[in-house]
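Note that the chains are named A, B, C, D and E in the order they appear, and that numbering of residues resets to 1 at the start of each chain.
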Amino acid sequence: MMLTLLDELLLFSGATLLVALFIGRGLAAGWMVTILYGGQLLALLKMAVLGYGGGTIASSLSFEIMGQELSWRFDGLSWFFALITIGSALLSSWFSCGAWERSYIRQGGNIWLFHTAMALNVFTMLILLASGDLLSLFIGWELVSWAGFLLMVLAGGVATSAAMRYITYAMAGGMAIFGGLALIYTASGSLQLEAVTTAVEQMSGAKLWLLVILFGGGFGVKMGLMPFHLWQAPAYAETPGPGSAFLGAISSRMGLFAILLVLVKLFGIVNIESLKLPFTPIDARDLLAWIAVFTIILPTFTAMKQNDARHLLAWHGIGQGGYMLLGVVVADAMGGAGGLLHVFNHATYQAALFMAVTAVIYRTGTSDLNKLGGLVVRMPLSFVVLLIGIIGLAGLPPMNGFVSKWLVYRSLLNQGMPLLFLAAVIGTLGTILSVYKLIHNIFLGQLRVEHEHVSEAPWSMMIPMLILSAIIFVTGLLPGIPLEWVASALQTVGLPVPDHTLGGIESASGSLDMIWVIGVLFAGFGVGALVFYSAGRSKRVHQLDNYAGGHFLSADVRYQYSDNFYAGLMHLIGGWYRGSFLWLERSIRSLVEFLSLGMQGLYRRANAEFYLLTTALFVIAWVVI
Amino acid sequence: MIPAVTPELILYTTAIGLIAIGLAGVVLSSHLFRMVLALVIAEAGANLMLVLAGYRWDAVAPILTSRAEPAAMVDPVPQALVLTAIVIGVGIQALAVSILIRIRQRFATLDRKEAAERMDAEIAATLGAPRDISQEAPLGERPLPTLPADQINMRGDSP
Amino acid sequence: MSTNLVLTIALPLLGAFLLPVLMRSSVAIALWSGPAILVYGCWTVAELWLSGFAQPLSIAIGGFAPPLGINLYVDSLALLFAFAVQLLGLVFWPFTLDQESARRQSLMLLLVAASTGLALSGDLFNLYVFYELAAVATFGLASASGSGAAYVATLRYLILSGIGSVLTLFGIALIYSQTGTLNLAHLAQLAPAQLNNSLGLTAFLAILIGIGVKAELFPVNTWVPEIYATASTRLSAFLAGLLSKLALLIILRLLLLIFHQPEAAQVILILGILGVISGELAAWRAKEMKRMLAFSSIGQLGMIFIAMALPDGKGMLAVLALALHHLIIKSGLFMLAEDWGGALERLRGSAKASPLGAVLFVLFSLSLVGMPPLPGFWAKFVLITELAAQVEPLYLLGLTVFLLATVVEASYLFRIAATLYSNPAPDTLSEEIPKSKGLSLATASLFGAGMIAVALLIAPVGDGLQAIAAQAQDVDLYITTVSPAVSGGSQ
Amino acid sequence: MSATELLIELTLMPLVAFVVGMMMVLMMRRIAAKLQRRVGPPFFQPLYDIVKLHSKRTQVSHGLIHDIGIVMAMGGYIAAETLLPVPGMNGIAEKGGIITLLYLMMIPSLGLALGVGQCANPNGSIGIARALTAMLAYDIPLVIVVFGVAYAAGTTNLIDIIATQQAGGFETWGVTQMPLLAIAGLIAMHASLGKQPFEIYIAPAEIATGPMVEMGGKYLGGLFVMQCFQLYTTAVLYVSLFLGGGTTWFDFLLKSFLVLAIPMSIAYLFPRYRTEDLLRLMWKWPVMLGLIGIAFVI
Amino acid sequence: MGSLTGLLFAGGLGFMLLAVASGLDFGAPPMLIGSEIQAHAPQQTGAANIVTSVVLGYRAIDTLGELSILFASAVSAGLVLGRRHTTAGTQTKGGFILQSGGSLLFPLMMTIGFYIIFHGHLTPGGGFQGGVILAAAFFLPLLARPGARLHHKSLSLIEGFAGASFILIGLFAMLEGKAFLQPMLIQDTLGQLVSAGTLPLLYLAVGLKVGAELASLLSRLIQTEAPQ
């Protein structure tokens, strides 16, 4: 049997899983797994170089079960997502080797389970990305959900309850998809990918709506779209460090992949657009776009209120997902490219950010933003990584986040969607505010006494972080490289591809050339530095040599402004954080609880025979009458 | 409209009436032994119903005699069935009564509600799970939080 | 030898009668005779299956041709369940050596014989008799634990079951007085003409409610949590795993062969939906493993009822798949619960104490909620595709409830899994943490292995089930196989 | 355009901006003086100030980030100027467009924020928190305005936007085409300058000049330079968006100074708003105006 | 309130069932298999009592099942009650008339019981009816002498072997190459005491079994139900 390139990749990934499973207890196991991830990456790149040029590569694996064909294949879209998956797994795993691993074991963690869970996640994600029909898609989907659960639940304690919440949401989403699948199967008699198109042709408006809601909702749960976003932040944040880097980078993007595959590619944006909400001018696409926008704004502003670095980042992860969906839903050349490029960009900076925070936790033992500060003098490289990460996250030049957001803005501008545009910008502004809080509270300001002797993160952690930072910068400088991948993915999905150059986008209505922009920016910095340093030498003073309104500062004085960072803003919008979604979630829970109580009561009532009698009466009365 | 009183009406009414009385008895009685008795009544009704299924006007019992020409005989099958059904009923009743004896010995009561309460309490105690539902208060008034372990037996038996 | 199949009923009965006597003379023989009989039963069924069983056959008992005498109808479905009965009888065999072991074992043998009879019998009244036999044996076994709670629970079960049998008997009487026959194949012939009316429907519903008591049909299943909480776990496993399925099988046969009225299906559908809702919701709040399993089993059986309600036997495959899946999984879970009974809180840290048990629990749970490569997924898949194909809103409601119930199910099952894997409360000693061990763990592993085997061989298993379902669905085949010929008419 | 010309343009544009910016600072101070019935500073006072600050002998640094922050603050604006076309010089405006420009203008704020943060003075941090909040306030109307203009022009390229306005004289100016947006833009611009009544983040009496609390010498000097650029950039951007840019240097500068004079005149008449009041004001009136304006545009 | 609804529901159910049942054609049943059995029973089973031929021939396995149920309930009762034997010795003995009446009736009842069993294939009656009388015969002295105990060992022996012989007779038919429980006709002597092949043997087994079963059940009940 000839192994196709996809087979090789999957075998490699399976082998990684087996290695983690069987020899994952040894200390060298982490390195071995990392190397195997590298092998997967090579296999993936080999695929791009050798066998795949916009077409698809089939796997030689296929089944027929109960009359259903199951097959797996790779195309441009899968490749793009697989690249991010394997890349982030490689770096996260690398990050986890050595120092972090040892400290994890010291704290009673099960490193074997961790490596296995990571490998399992990667493997299942590849399976999902390779799915060649709806059934294999669903299978992959569920596998990914449960693999994610495994990774999330590792840390125990708070993580367990977060993971439990996750699995309830994920199951609900999975069941929605299951229902959608059944609808399609009924309409078309098949679960091949083409069946969706057939089903769409046959179905009426109401059923199509149902289908869009089922699929959109189901996939949206994984993306953390509103109103299904509550689970994500705690679940990702409480995962052991490298795990949260990995999850934050790619896990929830599986939802976007599925949306792209099912709703955009198979369903067709046109069909979605043709679904009108009765009595309103809104169609299903607008609805999705607005959901995306709310997903941008609300989690971003929730992030602003977080006092734990990991939670803050995780909340942003949800918000950034909104940009991706927004771009994809707008579905013109720039929007699609922006959405997909943002997947890549987000993966890079989110992983870098989580790693930096993990490095801080590794050294200081806490990620509480009110218990840190001033670490820049002790961990300068970590600071740089975090800085690069937050510039990317906030979408400012010169990092890669800017390019993808620029594309999304441009598409909204071109399509004339002012409110969505405005909302997207509000999201960005909110991001800037909260990431400043992040970097300020960790790295700037007063260094605490207990962190006086903290040293820089070990190199085993530093190198992947630096690699990621480099990627963030380089893909910001030369967005043409990832855009090439994005273009191939866009073609697969059937969306238009923008004209792109190495430095950015070529367009009649306003181009972007990052090489120039970054060039002048750095030239400007150079000039600024020239002006600045040409003046007299400055004297480095102690951090407590500071203006204190006439008081003398000493080491025991807590002189850091961290709590309630945006007091003025919160004074105005604080009242809007009513936790309506939490309330909703809780009330659903209470409802189930109440019903459950009722049902138990039903079964515990003394007079069981009464039920029998009544049932018999009603049933027979129904027949007779 | 009053239907004409025919033999079949009387017979069917008796059979079904027995079932209905039995069922009502089971539902209404608050004493376990009476429930068993009501069950016996209901069974009698069902058996009667079964016998009626095989009845023929002007027919004799299905036993061959030396007479040359056999007269019309009633259906023998339901009779055999009823025979079986009755014995089954007896077996079940005997078992029920023996269980009743034990319940009375254990719980010193045959009141339906009380016995159920005791059962719940005992289950809860043996399983170590808190008992969260009382059978007496209506749904809305039941205590939502779980009872602490030391209080489980407070409402149940204190022998 | 197909007629040997009768022995799978007769020998356990013989063994049951003789066991108490044997016990007096030789403990060793008595101890091993039961398992030997069951092994022989397994072997008989398996041999028939392996010797190229293709066409269903009918075995006349006493040599009387079917409509007059009683026949056993043997098709793949019946054979499958007969095998399951014998096997599970063996697996759940009460290997105790105490004073009452003879009684218990003989009751178990009776239960096995009755269950086999339920799987095979082709006569309505005979089914009733076996049903009652199974019931009485169950009462005995359920009360055997000797606690006061067990007695009360058994009595309540007994009374409920008693009313059920009254109703069943009433239904049989109605059918007999309408058609004059009791043979299922014969009834299937006559049904379109004589039972396709409100009378036939009433008879069916009476039987449905009666038999539904065992099949955990809502709302005549209130006995379930009590009995499962008080009876021995092995019995619970047998009841939840197998006996309920046999009751289902009877209802299914009746529905397929005799009662084609849409109302019949609708009633089953509604009750099934209510069963799913009530069971799964009640399980959500259960604080204790056995009771949770009891409620969950009510919910699962509700799902099977929903499948059964699909018109024209379309749900046959789904019923079969769900039933067999539930059989394996619930039996396994109950075996785990044998050591893990009691408040859920106590289970904290059990995964460390017995890793295999915890892994099995997670696997079973995953399959139960339908995680894809595991068999549960395929069973659910078959069901929902059929459900979605229906146009009637009630079926779609069933679909919705089914999907939502799965979410609830995942939620409570994994709450337990999380408890298992969480760290024990600080003040508990390691000896206090319940461990899953010994025989029950081995049995659970057996079921786990079975489940994994099915998952790996899903394609052939699926094809096999499809064949079985197709055969069971074929009413004409049933009639021609039994060929109930009555020369003269009535009078 | 040859590389040399481009290089010259890229050098000249920031220089011009710096010079003009200094004059704008001067104008601002003069207006303040007039309103407060003072004489006001001499013409070269801004230059003197910069030179003086840079040549101070005590230069207190709180660490590398403190320095880098100032560098970023200046460098960001210097880069931004090259994206802002002036008469005769387009720089690299077509390679970035207005969105890039807006984002580049945030870099100095970020730099400043980093630098201030490093100082470990809560007054500074509070000031930055307030400044960022203020940014959240005024950027929303500003973005609406930018969207409206860009959508009306059908491009994000500032050169094209200016060209469309100049095509038909005064009638095609943004301010006549989109008066509501122009008003909203003016308010937003005023706020973005951080002058009274929107200077809560400095609040000298309350938080000791906020961000500037630890700044002295060349640090303050850097900020001074930054302010020059800021005034210039804001004014020119407004001119480019609404007043048809400049065909000649004369009308270009005239428009720029005039535009800037309006908020300056208002600024010194008002006390300051609290942060939340600033937010409320910005989110209410300019946003409303802007949205109505956009509605007209679309 | 609950009891009122219960009553109403039960009444309603009865009414509904009545409405349904009134559709039946009373007194003229279809008798599909009934008449068929009537026609063939004498040849196939050789029993003059057609009910007997149904019970032991056509539906013999029902009867086996029914025996098993009785057995099961006896065993279950044994399980339930067998844990503790409280002697009923504290009870007052019955009077002289009661005691001697019981002794007097015992042989009579035994005779009648066995008579009914042995003529089950000819006349009304049979194993069940006779078995019950046998049980009563044993039970009567027990009532008269509360302290007396039945011999459980022998009872259970009878129980076991009677049931087993029923099955063994059926299995014997299989050994002969016939179907399970197929009646083995020796000769066609309809109406004779020794006729109907194995049916009387089966009825004997049934009778003994029922008698033993009921006797042991009742004696268990009476032994356990002692005042505490």
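One rule holds in what follows: a contact is a pair of C-beta atoms (placed from the backbone, for glycine too) under 8 Å apart; a residue touches a chain by one contact, two chains touch by 3 or more.
Just so it is clear, the structure is predicted and the values come from calculations on it, not from any experiment.
Visitor: Hey, if chain A just vanished and nothing shifted, what pieces would we be looking at?
Guide: Leaving out chain A yields the groups B, C, E | D.
Visitor: How many links in the shortest chain of touching chains run from chain D to chain E?
Guide: When the steps are counted carefully, the minimum from chain D to chain E is 2.
Visitor: I need the chain pair with the most C-beta contacts, please.
Guide: That would be the chain pair A-D.
Visitor: What's the chain with its C-alpha centre farthest out from chain D?
Guide: It is E whose centre lies farthest from that of chain D.
Visitor: When the C-alpha atoms of chain A and chain B are each averaged to a single point, how far apart are the two points in Å?
Guide: Each chain's C-alpha centroid was found; their separation is 61 Å.
Visitor: Can you give the whole-Å distance between the Cα centres of chain C and chain D?
Guide: Once rounded, the distance between the two centres reads 78 Å.
Visitor: Could you tell me the distance, in whole angstrom, between the mean C-alpha positions of chain B and chain E?
Guide: 21
Visitor: Would you kindly tell me how far, in whole Å, the mean C-alpha position of chain C lies from that of chain A?
Guide: 45
Visitor: Enumerate the residues of chain C that touch no fewer than two other chains.
Guide: 125, 129, 132, 136, 139-140, 143, 151, 156, 159, 163, 167, 170, 174, 176-177, 180, 182, 198, 202, 285 - these are the residues of chain C that touch more than one other chain.
Visitor: What residues in chain E touch two or more of the other chains?
Guide: Residues 6, 9-10, 13, 16-17, 20-21, 24, 28-29, 31, 33-35, 37, 58-59, 62, 65-66, 69, 72-73, 76-77, 80 of chain E each touch two or more of the other chains.
Visitor: Indicate the residues of chain A shared as contacts by at least two other chains.
Guide: Counting only residues that touch two or more other chains, chain A contributes 597-598, 600, 604-605, 607, 609-610, 613, 616, 620, 623-624.
Visitor: Go ahead and list every pair of chains that touch.
Guide: Pairs satisfying the touch definition: A-B, A-C, A-D, A-E, B-C, B-E, C-E.
Visitor: Quick check: in the complex, which residue numbers of chain E touch chain C?
Guide: 16-17, 20-21, 23-25, 28-37, 39-40, 44, 57-62, 64-66, 68-69, 71-73, 75-80, 82-83, 153, 156-157, 159-161, 163-164, 167-168, 170-171, 173-174, 178-183
Visitor: Which bits of chain C are touching chain A when the two form their complex?
Guide: Interface residues on the chain C side: 156, 159-160, 163-164, 167, 198, 201-202, 205-206, 208-209, 213, 219-225, 263, 267, 271, 277-279, 281-282, 284-286, 295, 366, 369-373, 377-378, 380-382, 384-385, 387-389, 399-400, 403-404, 406-408, 410-411, 414-415, 418, 421-423, 458-459, 462-463, 466.
Visitor: Where on chain D does chain A make contact in their complex?
Guide: So the residues of chain D in touch with chain A come to 10, 14, 54-65, 67, 70-80, 82-83, 92, 94-100, 103-104, 106-107, 110, 113-114, 117-123, 125-126, 128-130, 132-133, 135-136, 139-140, 143-144, 147-148, 150-151, 154-157, 160, 200, 208, 213-214, 217-219, 221-222, 225, 274-276, 278-280, 291, 294, 298.
Visitor: In their complex, what parts of chain B are in touch with chain C?
Guide: Its residues touching chain C are 19, 22-23, 26, 32, 35-36, 39, 42-43, 45-47, 49-50, 52-54, 75, 77-78, 81, 84-85, 88, 91-92, 95-96, 99-100, 102-103, 106-107, 115-116, 118-120, 122-123, 126-130, 132, 146.
Visitor: Using the touch definition from the top, list the residues of chain A that touch chain E in their complex.
Guide: Its residues touching chain E are 607, 610, 613-614, 616-617, 620-621, 623-624.
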